[in-house]
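You will see chain A twice below: alongside chain B first, and alongside chain C after that.
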Partner chain A sequence: MKHDNSYTGQDFKVIGTRVKRPDGIDKVTGRARYGADASLPGQLVGRILRSPHAHARIKSIDISKAEALQGVKAVVTADDMPVPQGLPGDLAHMLENSMARGRALYDGHAVAAVAAIDAKTARKALQLIEVDYEPLPHVTDVDAAMQPDAPVIHDWIYTSGVDPKPEKPSNVVQRTEFGLGDIDAGFAEADVVVERSYKTEATHQGYIEPHACLANIRPDGSGELWVTTQGPFVYRNVCAQMLGMDIAKLKVTSSEIGGGFGGKTHVWGEPVALALSRKANRPVKLVMTRDEVFRASGPTSSTSMDIKLGATRDGKLVAARAEMRYGNGAFPGIWGMLSCMTSFACYEIANCKAIGYDVVLNRPKVAAYRAPSAPMAAFGVESAMDELAAAISMDPVEFRLKNASREGGQSHYGPVWGPIGIRATLEAVRDHPHMKAPLGPNQGRGMACGFWFNIGGQTCSDLNVGIDGTVTLTVGTVDVGGSRASLGLIAAEELGIAYEQVSVNIGDTGSLGHNDMTEGSRGTFSSGMAAIFAARNTIEVLRERAAKMWGIPVEDVTWEAGQAVAKGSAHGNLKPLTLKDIAAKSPKTGGPIAGHNEVVADGAGVSFASHICDIEVDPETGATKVLRYTVVQDAGKAIHPDYVEGQFQGGAAQGIGWALNEEYIYGKDGRLQNPGFLDYRMPVCSDLPFIDTKILEIPNPGHPYGVRGVGETSIVPPLAAIGNALSNAVGVRMHHVPMSPPRILKALREAEREAC
Partner chain B sequence: MRYESPTTTSEAATLLAGESGEAFVLAGGTDLLVRMKNMMVEPELVVDVKRIPTMRSIEITDDGGFRIGAAVPGVEVGEHEALGRAWPGIVEAAGLIGSDQIQGRCTIVGNVCNASPAADTTPALIAADAQVEIIGPKGQRTIPVAKVATGPGQTSLTKGELVEAILLPPRPANSGDAYLRFTPRTEMDIAVVGAAVSLTLKDGVVSKARVALGAVAPTAIEVEPAAAAIVGSKLDDGALDALVKACRAACKPIDDRRGTIEYRTEVAGVLAKRAALIAFERAGGIQ
Partner chain C sequence: MSGVLVTTTINGDAVQFACPEEETLLDALRDRVGLLGVKEGCGTGDCGACSITLDGRLVCSCLVLAAEAEGREVTTVEGLVEGGKLHPLQENFISHAALQCGICTPGFLVAAKSLLDRNPDPTETEIRYALAGNLCRCTGYDKIVRAVQSAAKEMRAAKPA
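Presenting the complex of A and B:
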């Protein structure tokens, strides 16, 4: 079936209104069911034993004592999770990440697991498992891991993307390069060049809800999994393949999700819970502790970057080079590559080259985190942009505006830009009252820009009409930020009915065809598109039924404002039939009325943002307080403005935390020093000001309503925006994120010494 | 695990003394319950002291000081007007523990007995020259707050002993105290450095002072040279510089995930100076 996803430019009735979200009451009253809130008769408690070593050979694991403990129903190791034949490489890595196979690759790597009748027994059983480790040299720093004498973590990694092909294995997975023109010629043309090195520490997505699931494998080999996830269909496919099951034999149901931000796109304990259930022949509930969440799931890359920018005196950006080294954790990823693709997207630079290195480390396997890889690259590029603007005595907003990417221009990573919002966000920033507000002593203002691709992907949706005329829309993307309300609005708009007439249901893997992850800011974009098409499909059915009720040809029936209208003078005296009228008669006109849609949602529109922030620095302690913050971002079309603003604010809040205090701190022993919210310092409410937002709507031509993904871009600018504000407040330029009080105070003291 | 909630202090002491396994006192539980949940401790006995009436109140003592019961939560400390007027530094230190939610549970005595070097109330209490009233199998004894913690997580309390109350001395006229701490976050954080100053003025000049620091040594410490540096002054720059130097010299911190030696040492001086200025102003001092 062919679908027209082009932008219609139609006037909206309910799209853009701020209706109540259907899941709100359950969430505020504690009735919503999250990952740990499901139970089955006879369920066991699953617990995982984790490596205390950053890198160690597992010489042996003796589980006999644990197995002998009363109340223990299963103990599993990698032996119970063999690699199925033909398992793709990336899934084999995920499987090994779920359960160590011969070597523990990081502090927190799972080495064994137990299922027991209660938590106390499970805990005791873990203590009875004897693991004989032979510690191996480790490396947790990305620059150190690239040195020739670094311990090589995997002997099968030979750097790809370099010529000649290396003869020896190393920690460098791949080198990627994107760009345009001739950078040597470009820098020769430049009057001023800024060249700086930057480092950023790893952060965690910090979702409130830890990973949790309830796995139930039956004796016939079929099974079910209740889990907090951003993608039940992908979890189903991945877990079934890892465990050698038929995909159709595993049903996965997503719980409500207490935050994911990319960290719940990846399986961690789920394959282990399924393996435990299979071995114990009982349901197994596995809930990770916060310590486990930090040590074994999530984090972002830690990075190291060299950025060089060149401009002419009149403010033209003529050349740019970035070399970005991204830690991947213990298994290969594409994080350095993504940094290349996002790094220069905001600007039109005739000569630019972005080089990325993906590097394995003895750290947990890196997972996506909201616009993955982009915030770090933007910290480097946007900090250097500010310095360059200052060097040519140009206003930083004007400098960016002068060089902003434009429609029809060639991006450095491939596509030719369609209608894009970078220029509009910069103009909105320039004209915003925030830019003119007065500042006091030790206060400074900074701004920065950000970009994210957004994706579409495989999507299914069902729309069922009840006999009372109410509508159930079933989608396969998880509601991570208010999408049920947005999708309900879309179905109501398309059918011409009230929002209150629509219920939105998140389907399990038994109820819909495959849906990709809720990631890449695709939830409302893709499921919204599938909902539009499913509604249009339903309208066809409704017209047929109305034609049947009237006894006229279907061609003579149109659908207008929620009702079937008989057109033409021949039918002039027929009273229009409402959805309710048609639904009531449906048992006798052909049975249930439904529409459905399966689509690859092409046409995702990129998203740009520009942020402004004011901060105050205490020059005696290095403490930073964010005084005011404004997000300007292009949403294409804000279906439900509350949840668009919520995404803008949430991303900014996470970016502020990353900029100022959040970081993975490793000891010399390669062990994580701060696996908890006390010492992994995410901001609390009182650390943040009200985050003001301004939604711009530059329609995406690839979506019927002009929608762009809005979830991720907001985390991209804050690191640099705060760094730039800091520089304006106290005159020191920070090159290392987080810009924590000790780092700021040290930089201030160094600046004082230099001034002497 | 056994849970007991006696109604007298002697019953509580008897229960604690009679338990052969690990036994803990439960007041607000904001440290103990977290440790239990994280499986850092698995007590055989928990003795809840919240039903002991003498531990649930703040009283003005016969000499004009204050007695704060061991089970009085932070929020009640914050709401006690007379206490707030006499010892604003102690009240602000108690108010810094945790967050609004934690304040409904956490207690000053719990904070002291948890024996964290970073406890917020301990430096303020040391600066106030506060005592603790202890009951145990051998009866009652009273010791200075500074003698409770002997190292991180270690106290001088012996088996069966528990703290009943904090005793604050009467406050002379023209006195003021203040406590400041540094944390990267505004709430739900642990002091990287804490500094408390209590002082009394005579004829506008500091006549008595006590200075204490937190999170810069294995226990909170009193810094006598820092106090000596401001006695006899109106907190002129010279006196303040000497205070800062004395505080920094007294620091013996560690490098850890919460802060560096260098950072803690420098900020200890900064906070002590600021706390001294606030205490001075509260005492009615004019520089």
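Presenting the complex of A and C:
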């Protein structure tokens, strides 16, 4: 049945309440099972040997000694993971990323793996594997990789999107361009132009749970995989294809997930664990160390950008140009393209051009990280916006408001805007008491805006009614941060029953049709939509059953507040039937009562945020302390406000870490120098203040409840908000993220020198 | 293969296990005693996911050898439930939505309990510093600090001075 997904503006009974999440007790008592918490009889321990070189030819790998070690049950290399015929290119890259094929492409690239009876034996076996490397020239900096004399990492990359087509291979995968109007004419109109270059360093998603899985391939070729993932169905498709298995023969179960933020949308060690299990004919548990997580699972792009903005004296943005160069790691991605699409979305600029370059480097393959590619572009654009506002002596919030994108306007990357929240978030910022709070010496306030698309995608859900009238909702999107509670609320709302009557179950790949990843802020949006439709589908069944019980036409039965009501004066004496009444009789009225929905959840509403932050800089050390932070974001409709706030706060904290400290540091040898939490410093509790939130609700017309995704936009503004605050605090403008103490100190010293 | 036999008390119960000399208490608790609530986020003492108390002192179990538990008292997150009732910290973590993914939660609960045992009325700053050895990547710590504040208040109210 086709359901209408348009916004209905109904009054809610339970939506918007702050109920307890159903998985809470297991998670506070240690009973919840994450990736590393499963076992199977006879399981082995898997470990991976990784390249110490940034780029090297693998001349030979001798595994004989490792194989001979007592307790070793399998050793695999790329030879055990052949590329199946017809494997799509991007999957071939993922497979090669999982296990090097002739060349190690970055420090940490897997070259071999073992499965042994225990961790000690596995570690010993790794030491017995002899790899003969021939180091090759490497490049880890995005600008250096684009130079004509840079070592070319792949001889099969010819830049696409340029005319004429290049004759020689290079590290530039593609050039993309989005925009509107005529930028030359636009800049000619401008009274003031700001043109700056920016750099941002790579960061890691930093989930606390390392990648972990338990693979079990049986001698008949069927198998199962227990894994911490944002998308069991996608992992199943990808792994089965990589290993040449039938998709239906691999069952993937997602464990509880200890954070993902995009990094668990991509397979890393999972195909290796499956290959080990296949060769050993035993279950294999593979858990990455933190060092491996940093060196070999998806960080973000490192970037280099040139941003140019032009405005008239009266504050109209008339032209904008951005050229953004994004590192992709060792394999092609679309990160530079995404930066183009997000860069100017907040503003109405008649003439703008965003150009993106995707560039391969001898670094780990980049994976999505919360609103991927948007924070860096926003750092450039929102920093330049503040400078431009200052240049025309206009308040930065007023300047943004004057140019904010509006409903009906043409976005620079394609769509015409529907109802959007950028203006509302800016007005809320302007009127927020935070903006008027006093500041002390070396303190400053900054603000910035951010945008993310949000996505919908393929979704499937089942709703089953038990014979006692309780309800089980099964969804195929992993719960990364409380979505079970939100989805339970939705089912309760639709059926008109109490939240406590609903259990939410995350299905494995054997229990539902395909579901896309929990990514793009789609979990609650799309599974919520499927849950609404599955519930409405169930109500149809309930009405039919009630009609049967009463012996009246189904058209005379309505569903109101959790019960079937007979309509019309002829049925005046029929007492309404509750869900429980109908369920109890179900074995006699047609069997189990269930509703289903399969949908491509179109209509994901874009989301905008504006952040305010106060910081204080210690002029002696260059250390920056965040004193106060406020997030204002449009949620469309907050199903469970606690978890919406949680997304706002978590994203802001990650953005603060990115802005001030977090970075991948590479040595001249091309090796990652800080693959651990001690040297890759994420914010701790004492680094942060309370993070205030303000949820705006501008309904998304493409969702029955008006929901927009909320998970990602919050990481977009912090980099620039902090840069702007810094500039206001100590008068130096930072162009390089992270704005770590040494960089700030250097900028302060330079400013002092210039002043003398 | 050499090994040690460890006799210890875990969450109030007498426990005995054998393990290699170099095995960490974290691995022994998880793999030999079956206390999977103790999490590993780093193995290097930097994330606090493996927090436990040893004779009442908060430690990272990844930095302690299993053999060091000999004759001592270990408390893990599994030991927080008393008489079938959730600890006020556990209740408040749920009601304040102080967990998103929940992987850091066992460590935070053990660290927060250790704080409240020592200091029943901590300031916000004291809470923040006491929990600074525990990384949470999901929440930005806001709701965690609020949950601890609220639990502390409830516990003080329940225990008249």
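We take it that the second predicted complex is superposed on the first by the 756 of 756 C-alpha atoms of A that agree within 3 Å, B and C clash if a C-alpha of one lies under 4 Å from a C-alpha of the other, contacts with A are read in each partner's own complex, and residues count from 1 in each chain.
In this text, a residue touches a chain if its C-beta (ideal position, glycine included) is under 8 Å from a C-beta of that chain, and two chains touch if they have at least 3 such contacts.
Fair warning: this is a prediction, and the values are worked out from it, not measured in the lab.
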Which of chain B and chain C A:S686 touches, first, second, both or neither: both
Which of chain B and chain C A:Q654 touches, first, second, both or neither: second
First, second, both or neither for A:T312, with chain B first and chain C second: neither
In the superposition, chain B vs chain C on chain A residues touched: C
Touched partner set for A:A623, first chain B, second chain C, both or neither: first
Which superposed partner A:P742 touches (first chain B, second chain C, both, neither): first
Which of chain B and chain C A:S6 touches, first, second, both or neither: neither
Partner chain(s) touched by A:N674 [first = chain B, second = chain C, both, neither]: first
Touched partner set for A:I665, first chain B, second chain C, both or neither: first
Contact residues common to both interfaces of chain A (with chain B and with chain C): 289, 677-678, 683-684, 686-687
Residues of chain B defined as touching chain A within the complex: 38-39, 99, 182, 184-190, 192, 256-260, 262-263, 266-267, 270-271
Complex contact set, residues of chain A against chain B: 123, 289, 291, 620-623, 660-661, 665, 673-674, 677-679, 681, 683-684, 686-687, 740-742, 745-746
Touch list for chain A against partner chain C, complex: 18, 20-21, 23-25, 27-34, 36-37, 119-120, 205-210, 256-261, 287, 289-290, 480-482, 642-643, 645-646, 649-654, 676-678, 682-688, 690-691
Touching residues (chain side chain C, partner chain A) in the complex: 20, 27, 35-44, 46-47, 49, 76-78, 80-81, 86, 90, 93-97, 99-106, 109, 125, 127-129, 131-146
